[in-house]
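The following blocks contain the structures, represented as structure tokens.
Note that subunit A is present in both complexes that follow, paired respectively with subunit B and with subunit C.
Moving on, here comes the complex of A and B:
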């Protein structure tokens, strides 16, 4: 029984990480209709910022606080200068953002070398309930993910800014006619998506350690999750991330990890093939 | 951007495309009077390829052979993306599985005759492409471009993972020391002999592709690349055409993969993975997708610069590559060849159905 709870907790915390990565990807895909191939590298950058702050002798949590802002700002600059040219053409956007990601990844690789660098957890130890031990940091990740999800939902559903975002999502032409600057909204959304990825990177770096190809794995997983969940809504990518994250964490408990890893992708692709609109097909929040 | 048009095409007014069509038709009438650049480039590349082993040192000939094999591989990607508009982010699956296939043939069954292994590689590539392409492209729902690119990317990632974890395939290390390919009792070793073999195959495949994309079938391909919906309304089986060209390209990738496996003497999981898959995308985009020679030139250019920089600047080369790619996508979507090749000639004209008279200019 105890083992079951520990396993469930492992699955939950991994699912939370995937949700965090996918949320940004999903928001960008829903809003602008493009898949941001540099999203994995935004995760990497978030991790790198945390590492830099840590190695400068400052506390780790400060780095984690800074990461979303730094990555978000970079995302904003990239959107204004480059990514905005791609909106009309999803495939060109894929290739263009892939090139951006390649540049970021290789620069980071040059900066850290081919090393695996570890960053300590700001909160070590574990929480004990009865005979079960839960790593504190993983609990924190689950908690922050929940907060971010609630925050994003409230932002989209309850604020005037969220209304503008939803308006530009649903009908860009009409939104522009009503005096909403969709271009500014797109910039803000892209920055927000990038910031979420940065936050994800900052939170997971103590668990996965920092290496140049950190983002690549999350990128493919994130894409599949967004497609499974369905583009165009807030709930879709979150649901997809939940499913993919849970499967990816749960299957290795019952079968060899290599088969489990591949099986998740195969199942997801088959699912998308027969239900292209995804789990949640409605638009809106 | 050209791709931009493709995606918005459904919303565009009819007149726009009508103009393009008339422009294409009038091309035929002018073509005899125009001085053509494309054949000239092709001949220059071919002659350079023929003469290269005489001026290069031995180890460079071996490197050049590898580049030629990659050219063959790039051709296969150019066919699916540049001509049919199918974004295959997993072309390495066919390259790699064929490489692994012939490596297993050589290791376990001792089959190394060139007359058997190359067709085997071709078939393996074809079969896998038919399976993957059939699944992704055919079916009741027409697949979105995003789905196909994601599906192929995932396929490539999954194949890489399987190869890494499967002991029979050598796991992380792959299959080392594959015996040499032979013809009768003659071993085909790396060097000028292998070089000319690859060059011959490349030339053959190139001519075949050239014939294909300039035929009526090529016209249908170009049509569905530009506006899939309209071609479907004309009564073409769009999905089936896509699956055919995808499998054909898979066969070429398989041929390249088997040549690569015997040339290098070993196969390893990276051959299947995302890295090579995206590498080939870079080659073709850089050289110019939608022209066959663009794929060849792009491969040669990138590999040559990479070799040249490998001594001193190996670390920053990928960064430069990324920036070059970004610049090409932003400012030269038609690639390097578009610097010397006019848009007219790049689009080209197509074989006419037999028995129809020339319609003349509009």
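Moving on, here comes the complex of A and C:
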């Protein structure tokens, strides 16, 4: 019984991590219609900012607070200067953002000397109930993921700003005619997606340590999650991430991990084959 | 943006300039360090180093290249070899086998080096060895600790083998940890082969392997594994999971109370580089067995001298450490130096014959000698335990340990 609770918690917490990482990717993919291959590197940058703040002798939580703003600002600059030129050609956008990601990744690799560096969590240790141990920081991640999900949903579904984002996606020409600056909206949306990735990186770096390929690790999982979830809505990628993250964490409990790793993708491919529109096919929020 | 100001002549200039600079870059190619030498008639002896300067294990490759620079400079400052200077050619294998083969071919065909030292992973060694030894007719020294079973002629291994890393270490673990072992491993050749040997030693010493399990190389969530470790009451986790997985794995073990309940972590590639992957408390008591730790410098003046010289020449993030093959590279070059001196010429067969029984009285961690006919190297081994983020030496081999290969 204890074992079951521990297993459920571990699976939930890894699922939450994947959701957190995919959230920004999903928002950019759904609301703007482009796949941002540099999303993993925004995660990496969030982690790196946290590390830099920590190694400057400041508290880690300060770095975690700063990370989304720094990465969001960078995302905004990149959107203004580079990414916006790709909107007309989504395939080129993939290659372009991949190149951006590659540049960011190799710069960070140079800055950290290609090493693996630990960053302590602001809340360490574990919560013990009987013989069961639950890592405190993973609990925090689960909570923050839930809050961020709710926050993002409310922002997109309930605010005037969210309405403008959706309008710009649905019908850019009409949105412009109605006085919405779609170019400003795209910039803000991209920055928001980047900021979420920055936050994800900041929160997960104590769990996985800082290394240059941190973001790359989640990139493939993230895209499979978006495919499974369905593009075009906010709920789709989140649901997809939940499914992929949970499967990735749960399968190794019941079968050899090497097989589990492949099986996640096989299942995803079969699913997409039979339901190409993904879990959530509706457009909107 | 309009392009009308890009007139044709400027464009042509730019393209010419790009062409010229590309030609310049590819033509000069490798990083050539030319000693300033006047009185060598026969020309310099050429030492080739092919190692991973870039890519995920760039930190190790750069340390290897630094060691080569240090040793070559030291030999040249002392008057060279056979009255000739050494010239060092460094090529990047870029953690990518297909890039590596091309670059190693440059060392062999264009630079015509007399020796190639390098390669860190086993897959890299396997990719470049044929280019060097068979088609290239050149001597090859592989400096990294590895899974053994490399018995190619003209290929000499100067890093520790499974026998050297297990024979004394595992009995120590049984005494200082317990009898129940878990072997969580990354799914590639080194862990598979090392585990076969480790299992034999564990069982011969009265221990038992509770489970042996392999993971994808990029797996970073180990909750299922940690649960198996804890619920099976494992005493010793003999880990061959590699970065990036190893950090989260050790952290999850720590969070599950494995260390608090008296569990022992063991990992035979853990050196000073890998200490930083986790916070000190998460790997408290982690034991490793290698040919060198910085912690032996107080008891071994020669090691202290090398360590100080390295740190003076190359301050920064690329450490002189055993797990990244830096000590094997030092040992390899010095053994080769001794062999060339004995052979009196640099002809491949003569040097290989001398290298087959070469000895050095001093090196990182102590003396070293090749086992005749085996092309592997006897060396002293040390067991160290991580305490508060630093290693403490807890056991030393009585003398040099036999590699038991080939």
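The rule is short, and it goes like this: the second predicted complex is superposed on the first by the 283 of 285 C-alpha atoms of A that agree within 3 Å, B and C clash if a C-alpha of one lies under 4 Å from a C-alpha of the other, contacts with A are read in each partner's own complex, and residues count from 1 in each chain.
Everything that follows uses one rule, which is that contacts are C-beta pairs under 8 Å (C-beta built on N, C-alpha and C of every residue); 3 or more make two chains touch, one makes a residue touch a chain.
Bear in mind that the values here come from a model prediction, so they are computed numbers and not experimental data.
Given the touch rule stated above, what does A:10 touch, subunit B (first), subunit C (second), both, or neither?
Once the two structures are laid over each other on A, A:10 reaches subunit C alone.
In the superposed arrangement, does A:224 touch subunit B (first), subunit C (second), both or neither?
Only subunit B is touched by A:224; subunit C is not.
Could you say whether A:100 touches subunit B, subunit C, both of them, or neither, answering first, second, both or neither?
first
Touching A:120 in the superposition: subunit B (first), subunit C (second), both, neither?
In the superposition, A:120 touches subunit C alone.
Going by the contact rule set out at the top, does A:258 touch subunit B (first), subunit C (second), both, or neither?
both
Between subunit B and subunit C, whom does A:88 touch in the aligned arrangement: first, second, both, or neither?
The first partner, subunit B, only.
Just to be sure I read the superposition right, which of the two partners does A:273 touch: subunit B = first, subunit C = second, or both, or neither?
A:273 contacts subunit B only, not subunit C.
Shared contact residues on subunit A for subunit B and subunit C?
109, 256-258, 261
Help me check something: in the complex, which residues belonging to subunit A touch subunit C?
Where subunit A meets subunit C, its residues are 3, 6-7, 10-11, 14, 109, 113-118, 120, 125-126, 128, 133, 135, 138, 207-209, 211-214, 217, 248-249, 252-253, 256-258, 261.
Which part of subunit C faces subunit A closely enough to touch in the complex?
On the subunit C side, the touching residues are 55-59, 187, 213-216, 218-221, 223-225, 227, 231, 243-244, 247-248, 251-252, 255-257, 273-274, 276-279, 282, 316-318.
Can you tell me which positions in subunit B touch subunit A when the two form their complex?
Of all residues in subunit B, those touching subunit A are 1, 3-4, 6-8, 87, 135-136, 139, 141, 143-147, 149-151, 153-155, 157-158, 161-162, 164-166, 274, 278, 281, 285, 315-316, 318-319, 321-323, 325-326, 329-330, 333.
Can you check the complex and tell me which residues of subunit A touch subunit B?
35, 82, 85, 88-92, 94-96, 98-100, 102-103, 106-107, 109-110, 216, 220, 223-224, 227, 256-259, 261-262, 265-266, 268-269, 272-274, 276
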